[in-house]
């Protein structure tokens, strides 16, 4: 699946998007998997409560299933307007 | 003193303003005095609850004193905006 | 800033000038009131006002809003005379650091202006002409402030 | 109407075009958000967004507002990219028969747009650059709707 990063999450991880092959069933499992990969992921995902996630461009929960999902995006709370 | 009329009060009385010589102590007394003058005043002041009064361009009460007042204005509730 | 005038004005140009003058503030709210059509077909609206008291009442309302919400600026423009359907009757604009203040102050200005500034509207339709009645909802709206 | 764009836009011209298109409605409310100065002196603001999701989120928020307050129309324009102090970041406009609906819908749009549309602001000052933190007050504002 495509994994996208925005704002400081993007800056910490160093890329705006990447293709990720995973067996993770939920967002939370995907996060744990990414954190074990490299230090930059561990740094970006250190405090999950400071992050938001969107599944196929809909705001979602970290407990949500990844079944059928093609695009996962991680970002800090929005500050538009 | 100058007495001014606006909107349908003006239309019923037939003039936008007039000089009135009166000994009335309050707005309510002035209204009673005007009502005895002519039918058009009686018609305009028939229902006091449908009217508002301003003394020297400040919204006021019918019980307020006329002492020192130079300009009295009668009109229906405002409908600006 | 308070303006009471017979001539039309351009709300967009006023909004831009207002925003440029309050560049430090992050939030600008505007309200514009337009002559809308009514049952029977509106031909025109005639707005009567009380010269002198109008400017005084609007300035007082504006000053109250500026003091209460620490606004950077507040603008009120209100027309009088004869207007056609679709024309802009009036506008208010408020500028503040945060949007909640700008919104609250604009609503406050409108609520007071509706029921406390000496303007009266008369609608001319195919059936004749009639003074617009004050709405209870407008008087009630004042109670929240 | 939803527009997400990098180019500047003219809020006054947008307000006039919006008002002309909803001539039947009597009440038009607009909000514009400007880049304001911050402590340390703001050089520029960079707005990042999530193409695709942004338009989707804004359209959903707009549709909710139109349904809930029976608006004649609602407009949202939001810029992204690099902006200088004083530039207009975004605007919303709402049109309704009565002002209470137009005001409520505009505040609702702003509250949701602030915390639910995927935009992120970064401020560049003399001391470096930093992402703007979300305000608790903005998240709390959603609870009233």
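We just call them A, B, C and D in the order they show up, numbering each chain from 1.
Keep this in mind: contacts are C-beta pairs under 8 Å (C-beta built on N, C-alpha and C of every residue); 3 or more make two chains touch, one makes a residue touch a chain.
Computed from a predicted model, the values in this text were never measured in an experiment.
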Please find the path from chain B to chain D through touching chains that uses the fewest steps, and give that number. 2
Among all chains, whose Cα centre is located farthest from the one for chain D? B
Rounded to the nearest Å, the gap separating the Cα centres of chain C and chain D is 23
What is the distance in Å between the mean C-alpha positions of chain A and chain B? 71
If you average the Cα atoms of chain A and of chain C to get two centres, how far apart are those centres in Å? 48
Tell me, which residues of chain D touch at least two other chains? 33, 99, 110
So chain B residues touching two or more other chains come to 81
Mind giving me all the chain pairs that touch? A-D, B-C, C-D
Given the complex with chain D, which residues does chain A contribute to the contact? 4, 6-8, 10, 54, 57-59, 73, 75-81
Sites on chain D touched by chain A in the complex: 33, 47-50, 52-53, 56-57, 78, 89-90, 110, 113-122, 131-134, 139
Mind pulling up the chain D residues that touch chain C in the complex? 10-16, 19-20, 23-37, 85-86, 88, 97, 99-100, 102-103, 106-107, 110, 137, 141
